[in-house]
Every structure is written in C-alpha cells, then in structure tokens.
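Both of the next two complexes hold chain A, though its partner changes from chain B to chain C.
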Partner chain A sequence: MLRFLRKHYWTFGLLLILMSLLVFTRVIQPNFGTFGLEALTRAALPFAFATAAQVIVVIAGGIDLSIASMMAVTSVTAAVLMDGASEQFAFVVIPIVLLVGATLGAINGVLIVITRVPDIVVTLAMLFVWEGVALMILNAPGGGSAQWVQGLLIGPILLEFLPEAVTQWVPKAFIVLVVSLCVVWIPLRRSNFGLSVYAIGSSDMAAFRSGVNVNRTKIAAYAIGGLFAAMGGLVLTASTGIGAPIPGPYLLASVAAVVLGGVILGGGIGGLLGPIIAVLILRLIRTDLTLLSVDPNITTIVEGTIMVIVVMAGGFMASRRKTK
Partner chain B sequence: MAASPILSARHVAKNYGAVAALKDASLDVAPGEVIALLGANGAGKSTLVKILTGAISPSAGEITIRGNRFNVSSPADARRAGLVPVYQEPSLIPDLNILDNLKLGSTPLEAFRHWLSELGVPDVDLIELARHQPLAVQRVIDLARALASEPAILLLDEMTAALPADLVDRVLDVVKQQKPLGRSVIYISHRFPEIAAVCDRAMVLRDGKTVGDLPITPGVEEEIVELMLGDAIKATKRAFATATVSEALKPRLEVSHLSAGSKLTDVSFDLRAGEVLGVVALEGQGQDELFEVLAGMTPPDGGGFSIDGTPCRFKHPADAIAAGHVYVPGDRAEALLMQRSVRENIAIPFHTRPSQWGLIDMAAEKAKVDAAIDRLQIDTRAQGEVQRLSGGNQQKVTIARWVAMGIETILCFDPTRGIDVRTKHQIYPLLRELAAQGSSVLFYTSELAEVQLACDRVVVIFNGKVVDQMDAEHADEPTLMRAAYGLTADDALQQAAQASASEPVV
Partner chain C sequence: MKKTLLKGALLGAMTLGFMSTAMAADYTIGISNTVQGNGWREEMVCAMKAEALASGKVKSLNIAHRNTDAAGQIEDINNLIQAGVDAIVVNPSNPDGIKSALKAATDKGIVVVAVDQMVNEESAYVLSNNQEQYAYLGAKWLFEQIDGKGSVVYMRGAAGASADDDRDKGFKKAMAEFPDVSIALEVFTGWQQDQGKQQILDYISTGIPFDGVWTSGIDNVIVDAFVESDTPLVPIVGADNAGFVGQLNSVEGLTGAAVTNPGSVGGAGVALAIRLLDGEKPADRVVLVDPELWENATDAGKANLQSAADPSLDPEWPVSIMIPNWTNYTKEQIIACKGPGE
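Coming up: the complex of A and B.
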C-alpha cells in the first residue's frame, strides 16, 4: 500500500489539489453545485481527450503537434456524415470517425518512422496538412449531429436504482470520458504492447535490443493517439451540434496537462490518470478566476505560473525521496 | 572442432558506402565451445557483433545456425534463432521495473532467479525500476536474463568491463557452466586473464579481416597481441619508473580522514608530484565518492585535503580546475560534448571563466589544441564530431584538454575501461610521461594488472577506508586482490558480499 502511494504520489498530489480547488470554488461561489460541475466536465471533455492523445504519444517518446487538427478533421467528418442522416446512422458514423482518427494518427507515425524526421517536425507539418483537410471537408462551421449523440453529454446520469441525490452529482459527460478512456487504456496497460510503448519511450536502443519492434510500436502509439483525438472530435461535434474545421486551443493545453500530470516529456514515465486530473485542475482554475472576475489576461499568467511551480515542487519531492 | 558447428560465419563483410567496416570475417562455433573474439578498436569487432545480433545485415558472406541460413533483421529474430547477446552497456529499459523488463522479453522467471543466485546477487528487488539498480547489478541482471532464455549461443560483449573483481569471478564461473549444457559462448573481452580462464579458442580480427583462429594455450597471449596489433606497436612491457620519485618529495595532494556519503568513511593518502598513484577497490567501496569530492563535485562530510600544503574546499568543479586539479571520468560521455569537434572539446576549459567570454583568439587556441593532439597522438580523421571517434581516441580527448591547459593534477577514474589494447598501451606511457614532467596522476583502475603497468604506488580502499599502500613492484594481482577484499581472504570475502548486498538502492 505504502509502495503504491509512493509510486503514485504525483497522482495523489494532483487529486488533493483538485479537491482543494473544488472546495475553494464552493467557498467563493456558494451556488457552485451540480450544474457547475456538469458544465465544468463538459467543457473539460475535448481537452481531456486531446490530453489522452498526447499522453500515449509522449510516453512513447514522441510528441504530436497535430492533435487539434486531427480533432478538427474528425469533428467535421462526423458532422458531415450525420448531417441530415437518420438517428440510427450515427451508430455507423461513430466507428467510422474513430477509424479515421486512428488512421490519421497512424499516418503521422508511419511518416516519422519512414522519413526519420524528428516527431516534432513531422507532426508540425501534419498540423497544417490536417487543418487543410478539415477545411476541404467543410469550409465553414456546419453540418449536424444526431440528437442522441448530443444527449449523451448533457445532464446527470439516470440510474433508477440510485437515488437522485447521488446521480445528480455525476454528469453524463464524466461517464462518457471514463468509459471511453478505460476501454482503450486498461487493456493497453495490461498488454505487452503497453509495456513496449513505455519501453521505446524510456530507451529505444534498449527496447530494440530487448526484442521490441520499435517502429511498429511507435506507429501504433500514434494511431491510438489519433483514436483519442477522434473521440475528442466527436465530442466537439456532439457538444455543439456542428462540426468546426478550425482547430481549437487543444494542442498547447494538452501539452500543459501532460506535463502537469506527471508525464515526462522525454518519454517512458507517467500514466493517464494524472494528466486527466490535470485537465480538470486547469479548467477549474480558469472557472475560479472568472468567478473572481480576474482580468482574463492575468488568467493565463496564473496558469503558466502554477504549471512551473507544480512541476518544480514535483522535482523537489523526487529529489528528496532519492536522498532518503 | 569435430562436432559440426552450431554457428558458422563465412567471409562476412559490411560496407557503409565506400567505407568497409568489415572485410572478411569467418567464425565457427561448436556446441559447448567458448570462443574469444578479439581485435583492437576499429578492427570490426563491433560490426561483426551487430551483424550476428541482427542489428544490421551484412553486405556479403553467409552465416548459418545449425546449418540453416541465418536470416535475421532484428535482435528479436536473432533471439528466436538461439543467439542471445549481452551488450557492453545495459540494455534494460531504465523506466520499467525488472519484472516488466523480463515480461517484455518473455523471460522465464524461475530460470532468471536461478541464474541470478548463481551470479551471486539473489536479493535483487524485482519491482524496483531498472534505472535505480547499481550499474554492476544491471549488468548481472542482463546476463541472468540472457541465460534464462536458454540460448544456444550466448554472446558476451565486454560483459565484465564495469564489474568489480568478485562479480567477474562469478561471471566466469557461469560461463564455464554453459559448456556441459552444450551451450556455446562468444566471449568478447580485452582482458587476457579472463580469456585464458574460460575460452577454448580465440578468433582474432584486424582491419576487418580474420587474421587468426587459435586454441588458447598457456602463453598464447603474446601471439594474440601480435596478431591484433599487426605491424603496429608491440605491447609495451612494464618499465619500472618508481626510482624517480623520492620519498623526500613533498606531497602535492594530501588527503586526510576524508569521508563523504555512506560509503567513503575514512581515507588518507598523499599524492606526490611526479608520480602515478594507483587506487584499487572493489565496486562500491567509496572510490566514486572519493573522486567526486576531490574533483569538487560534492563537498566532503568530514576530513579534508590540501594541495601544496594549502587546505582546499571546492564548491564547484571550476574551483578544482582553477586549482589545477582535474577529473577524467570513466564514462567518456560524462566528459565530452559528443556532437562537437575534437578542437572544441579540447578548448572548452580555456573559455569557461566569465572574464574570458570575449572573442576567442583562434590562432592561440589552435596552437594549444594542435600541440595536445600531437602529443597524445589522437586520430582526428573524424574531425567533425567526437562521437565518431573510437572509444580510445575519445578517452585521449578527455585527457588532452587538460594537457592543453597545462594542468598539474589529473584524477583518472578507470580511463581504460572498454578500450582496446593498443590504445591502453598508449595511455599508460602518456600517464607516465605526464608524471615525468612533474604532474601528479591519481589513477583508479578496475583492472588490477594496470597497477604494475602504469603506477608507482598504489592505495587499496576497502569499505571506505585505505586498507593497504604499497609500491607498484610488490603489487602483483594476487596481492592486490587479497588487499582489495580486506586483508585476510576468508572473512573479507564475506564482508565484501555483505557490503555489496547492503548497498543502498536509491
């Protein structure tokens, strides 16, 4: 147990910060309740998926700058396909969009592996490419979304066997997030492929020598990143009812959450839970600063400062642990 | 030799563009045979290893395993074909724990534990991250992992380079155990005593060609060295130079009751002007801490040292350098700017003081650098980047920068680790020459034979204390070995085992 705590001290620390922030929010805004929580989760959703996409790529030792553009491509793909189609057709659209996302990611990975151009350069180029593709599919915000898909994200969960006092505190969007992430992440973490992802991020030479197929693992990691980005794109379309071809502010936010979440940018270290909590923290800070009617320009300064302080404190804690 | 070979390589060659890294290598390994693969740096040894382990594919030639064509394009393929390598550097994934590392290569756990205890480190914490294990333990884990996969052919590349003497013996024992199991071993090492102890035959490479394949018999070392060196310089015999250093000379560096960290408890010795003082110790007896303190990288916990009679307390390596007191680390990557040129690497200490941050006098710099390159005979054909130099030449660059600066005390930490014989025999005379010109050299070595080759005196450290001091002429290997284990053989062995077992895992 102690070992578990020690190993995941970062995640627990973040959880603690999130809890205190929630309490703080309640203090400064006594009205902050079920509705506020739901709004927060819904706003955090695309950021969370963007972050998940970044997490797997960064753990594999890469970085994907094209995440926001891939979200745009998948968002407009979903919006165009669902526009005017029947409600049931959305059941077909979702898997198609997820497949598109995974393919986009895989293309990033293949290009990196084949050209041997650094990840950051390839994905920077693909940022522009995917942005263009999104605009070709839909040159202005538009399209549509099936009603039930939109409904998936709105309101609290409805479970008859649980009293409303409980369910009203659990937004549907939260369940969508947890289920979507777990379905991909848990099998991955438990598989040899997951180990390989950590291995190539930690040391690709050692991984190669241990018999890991480094190239294939890298491509797969990027493909899963694309898959998460597609979930993000779907969420964008579902929450607004239309597709948005212009990439949102998700790229830098995803890198920020990854760093704050305890994933080392060099690769090989970190998990998914920490960065997801970090997303919520960053969103909540924004909400709080708005509630406190702080100048929005100062908001970003505060966010940046917090990031450096938390990462610095983490490094300090890590070095303390070492000397102990 | 009568049995049909399990591995057979015929006329293997590898070209990189116009450059031939390997021209014509042939090798036969019979089941249960231990073959030494020898060659100076640049002879093509590492290229052959890369080909055998599937990291690169040969440009020409044929390799067969059990008569089947050996068609591998990755280490995973080589493993399936029965050839498992243990590389010079640890190949464990640093951020995974040992258990996950084993899972990654589907290593059977029981067999792994068995070999781990055979190798004398049964108490490894398997859920600790690989990066937190001491280097020597990582090497042993690497070997145990390879053995557990029951390879038909085990390839050990400089396996013992970073190991303390006690673990080396265990490794050699385990290599001998493979013979009756019918498993073959390709053993790559620069250390003749080890080769004599375990190998049946030696294959010698020179300039990319197989130049000899001879059985190991007493006295074959000379012949092998001649084959390896070709027309180049013969291995220099020890020239006793102790006479030049008189007891009367006042010490340059006086270390008294120095302690640091948990390992270095109480070390005192004198280093005189004009001498090479050897330091011998088993792994983890405090020698790392000693050098770190002397080089100004960590402050001492107790005791102190003085240079030319003035007590010193360094806050930063720059202080030590200013005092003419420099450190040459065993790991060359710690000392060099790998992507920069030889010249920049040698010249970097000239310009580190803020007062010297102005324009660089290129002509003066070049003159100093050229003089140092000349003096150390650094092969600078690969001018562009230091990382393209051979290990031996890289090591020379780390020393050359201080020679160019005219430094007076050089602290060398295992400078010949993983370097070929030829370069080693260039480094010994270099150290001697520096001493003859009045410099002082502190020389930690993990190869006991080097003491008589290069040193005037030697101090032996055990358990953080100096346990013995002697003149080099009395310091033959058995004497040093006994001293390194802490005087009396039997209980010292136990102590050493305890010391290494209780080594704190960070």
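Coming up: the complex of A and C.
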C-alpha cells in the first residue's frame, strides 16, 4: 500500500487538492451540489479529451499543437452529418467522426516521421491546415446534433438498483468520460504497443535497438491522439448542439493539464489519471473565481500562478525525495 | 428557488465581506462575454458596469469575461447560476450553441438578456445590433459612391464568427443590387487592428488599382495605411469608432462613412434586465437596434459626424456611448468603467 502511494504520490497529491477545492467551493457557495458537479464535469469534458490526446503524444516523446483544430474539424464534421438527419443516423456518425479524428492524427504522425521535421513545427503547421479544413466544412457556427447525443451529457445517471440519493451525485457526463477514456487507455497500457509508446518516449534509440518499430509506434500514438481529439470534438457538438469552426482554448489548456498532471514533457513518463484530475482542478478554480466574483482581468493571472506554484512544489518534492 | 439563490448570494457576499449597506441596491447581475481585449467589447463591459452603477439597484456585478468558445460560455453561465445571480446579461458566442445553459438559467428563475447578437432560446430576451443591416447600409453607400462600378476591398471580421456571417449576408445583398461592382480582395482581419493594417498595406503594394474599401470595423488603421504610404485615398466605410469618426472630420481628401454599431448595447441590456427584475415586461422578446450611417460626402452627413466626434474617447471605442431611452449613465461613468462596489 505504502509503495503504491509512493509510486503515485503526484496523483494522490492532485486528488487531495481537488478534494480540498471541492470543500472550499462548498464553503463559499453552500448551494454547490449536484448541479454544480454536473456543470463542472460537463465543462471539463472537452478539456479532458484534449488533455488525453496530448498525454499519449507527449508520452511518446512528441507534442501536438493541432489538437484544438482537430477538435474543430471533428466537431463540425459531426454537426454537419447529424444536421437534419434521423436520430438513428448518429450511430453511424459517431464511428465516422472517430475515424476521421484518428486519420487526422495519423496524418500528423506520418508527416513527422517522413519529413523528420520536429513535431512542434509540423503540428504547428497542421494547426493552421486543420483550422482551414474546419472552415471549409462549415464557415460559421451551425449544423445540428441528435437529441440523444445531447442527452448523453445532461443529468445524472439512472440505475434502478441504486437509490436516487446515490445516482444524483454521478453525472452522465462523468460516465461518458470514464468509459471513453478507459476503453482506449486500459487495453493500451496492457499491450506491447503501450510499452513501445513509453519506450520511444524515453529513448527512441534504445527502443529501436530493442526491436521497437519507432516510426510505426509514433504514427499510432498520434493517431490515438487524434481519436481522443475526435471524442473532444463530439462532446463539443453534444454540449452546444452545433459545430463551431473556430478552435476553442483547448491547446494551451491541454499542455497545462499535462504538465500539472505529472507527465514529463520530454516523454516516457506519466499516466492519464493525473492529467484528468488536473483538468478538473483547473475547471474548479475557474468556477471558484466566478463564485468569488474576482475581477476577470485577474482570473487568468490567478490560474497561471496556481499552476506554477503546484508544478514548482512538485518539482521541489521530487528533488528532495531523490536526495534522501 | 430565487429566494434561496438570493440567500446563497448574500451568504457568499458576506463571506467575502462585500456586504452592501444600501438596501435599495439589491440585485446581483452576472455578465458573460467571450472576447477579451477588443475595444468594442471593452466598451460594452464598461457600459454594463456604468449602467449597473447608475441604476442604483444593483448590488454587485459578477463578470465572466475571457476568450473562449460556446462550450466555455456554457461553463461560465453555469458558474453564474451557481453564484446565485438574479439576472444574466450575455453577449452570446453564437445564436444556438449556448441554448442549453440559457434554458437552465431561466428554469431557475434567472432573467436572461442577450445583447449584440441573437439567441434562439425562447425564454431569453434579446437586444441585438442588426448586423446584416450594418453591412448592407455601408456597402450600398460605398457602391453608390463609386457610381455602381469598379472593384472594392472587402475586409471582413473573424472567419467562422456569427456576426461576420450575418454581415456577409448584408454585404452580398448590396452586391446583388450593383452587378458591376466586383470584389478586388476579400480578407479576414480577425477584427485585429495590426492584421488589418498589414493586409491593406500588402494589397496597396501590389499596385493593383481598386475603387473603395469596406471594413467590418477595423477602420482607422486602414486610413492610416493610405496616409502613411502616400496612396491616393478611395472611399472607405467603417464603424462609428472614435478614431475613424475623427478621421472622417479631419483627414484631407477622405470620403467615407461610419455605420453605427454601439457597444453601449451592453448598458442597454443591463437596463432591460433591471426592468425585467422590477416586473416590467417589454412588448417584444427581441429588440433589434438598427444602425445609422454617417457620411462626409454631404453637408447634412458632415454635421452628423461633427456632433458625434469625441476625441476624448479611445480610438477603438464606438462614439455612440449611450443609447437614448435605454441607458442612464453619464459619459464620465462609462469612461471611468467602474461597477457597483468597485
């Protein structure tokens, strides 16, 4: 148990911060309850998927600056396909959009592998390419979404064998998040491929000498990043009911959550849980700043400062553990 | 429900030690805006603060003001609902994307007023600038100035923005009425001063002649670009920004028109929210503020421009800082940009 705690101290630390923030929120706003939790989870969804996309790419030793643009492409694709179509058609749209996302990510990966241009440069260029593609698909906010897709994110879960007193505290959006992430992440962590992703992130030379196909692994990591970005695009369409071609503020937020979540930007180290908790923390800080009616020009300074302090404190703790 | 929310707000306020002494000032109003650092939007927020202060009925404003998308605005509105505000005045990111959050607010008895742009949520009130008419008025005037033939530079706003899309409809409507007018260049300024100026300088340097410029409100820097590069001026259409209105009055050889697009609609939105909280019901759910056109080609137009000019304002601020019959604040109050309790 102690070993487990020590190994995952960063994630537990984040969880502790999240819990304290929830208590703090309840203190400053005694009405904070089921509605608040649901709103928080729904707000966190697009950020969480953007972060998951960034996590896999960063662990593989890369970085993807085009995540928000890929979310825009997939969001407008979903909105255009579902607009005016039957409710059932959405069952076809979702796999198509996920496939589109994976393809966009794979294209990023292929370009990096073939051109040998640094990840940051290729994906910066692709940020503009995907942004343009999104505008070509839909030149202004529009399109539509199936009712049941929108309903997936609204309200608490309904389970007959559990009393309402329990289920009302579990928003549907939370289940959507957990299931979507686990379906991809758990098999990945348990597979050789998952190990290869960590390996090429640590040292691509060592990985290559151990027989890992570095190029193929890298492309696949970017493709999975694209898949998560597509999930982000889908939840954007589901929560707003439309598609918007202008990318939202998800790129920098994803990098922030990755760093705060304990993933090393150099690659090879980190998990998914930490960054997802970090996303919730960052959203809850935003909620608290609104509840406290803090001057909007100061809120971004507060958000940034908190991040720097947490990351610095973490670094300090890590270095002290090493010297012990 | 509203009572418990109000109680919550009061508790929250007490925790912060912001307890107001004036009992007449009772309302808490939430503001949600998704573009930060743009002159027009800053004026809008200042008008909201000034109106809240001038009304004497608002205890505090809770302002969520940042650069974000519709999903982020839903988050902000949900946060404002939890903060226990009595009314929310919102400049919507787009007409459809935030419907669910607006519905959640009105379901809890919160008064919702959308300003500047339309929202397609039946329970919300709308005080919107007529963007299609804005573009149509200016473009039609411009095409008449060049005698219905020639080419114009079409400097749009931000690609993918609803307001830009509406304005494009108005511009195209005017184009359809003047078949001999063509577009020399179509660019998106992103409503950024520096970007717009660079774009027109780039085009001027190609040497391709053109007969006029229509801008979506990035205007004074376009005149600057002509003057600085010693290029003969062509008719230019912009918005009623203080800098551009000043240029229309003073720059030698400049023919142009300013189309009004008041940022003070934000103040009017707060005024409407207060009236609704007081129990007054407006006749219509949607009120469109129609734009006016002030040009310097005629004496009557010149007089309009002279009276509208206000060099004391920031050049990026629209000169129409008040809306008659709606706003109650003074010019000093909007320039001070202070809300209740600040």
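Throughout what follows, the second predicted complex is superposed on the first by the 324 of 324 C-alpha atoms of A that agree within 3 Å, B and C clash if a C-alpha of one lies under 4 Å from a C-alpha of the other, contacts with A are read in each partner's own complex, and residues count from 1 in each chain.
The definition used in the following text is that contacts are C-beta pairs under 8 Å (C-beta built on N, C-alpha and C of every residue); 3 or more make two chains touch, one makes a residue touch a chain.
Only a predicted model underlies this, so the values are computations on that prediction, with no experimental measurement involved.
K.L.:
Does the superposition put A:Ser20 against chain B (first), chain C (second), both, or neither?
P.N.:
Touch partners of A:Ser20: none, neither chain B nor chain C.
K.L.:
Based on the superposed arrangement, let me know which partner A:Ala199 touches: chain B (first), chain C (second), both, or neither?
P.N.:
A:Ala199 contacts chain B only, not chain C.
K.L.:
In the overlay, answer first, second, both or neither for which of chain B and chain C A:Pro30 touches.
P.N.:
A:Pro30: touches chain C, not chain B.
K.L.:
More chain A residues touched by chain B or by chain C?
P.N.:
Counting contacted residues of chain A, the larger count belongs to C.
K.L.:
Figure out whether A:Ile242 sits in contact with chain B (first) or chain C (second), or with both, or with neither.
P.N.:
After superposition on chain A, A:Ile242 lies in contact with chain C alone.
K.L.:
Spell out the part of chain A that touches chain B in their complex, as residue ranges.
P.N.:
Within the complex, chain A touches chain B at residues 3, 192, 195-196, 198-199, 201-203, 205-213, 268-269, 322.
K.L.:
Show me the residue ranges of chain C that touch chain A in the complex, using the header's touch definition.
P.N.:
Touching chain A: residues 4-5, 8, 11-12, 15-16, 18, 36, 60-72, 74-76, 78-84, 93-100, 158-162, 164-165 of chain C.
K.L.:
For the complex, which residues does chain B have touching chain A?
P.N.:
53, 55, 74-76, 79, 85, 87, 90-96, 100-101, 103-105, 127, 506
K.L.:
With touch defined as at the start, can you tell me which chain A residues reach chain C in the complex?
P.N.:
27-32, 35-36, 39, 42-43, 46, 134-135, 138-142, 150, 154, 236, 239-242, 244-249, 283, 286-287, 290-293, 295-297, 299-300
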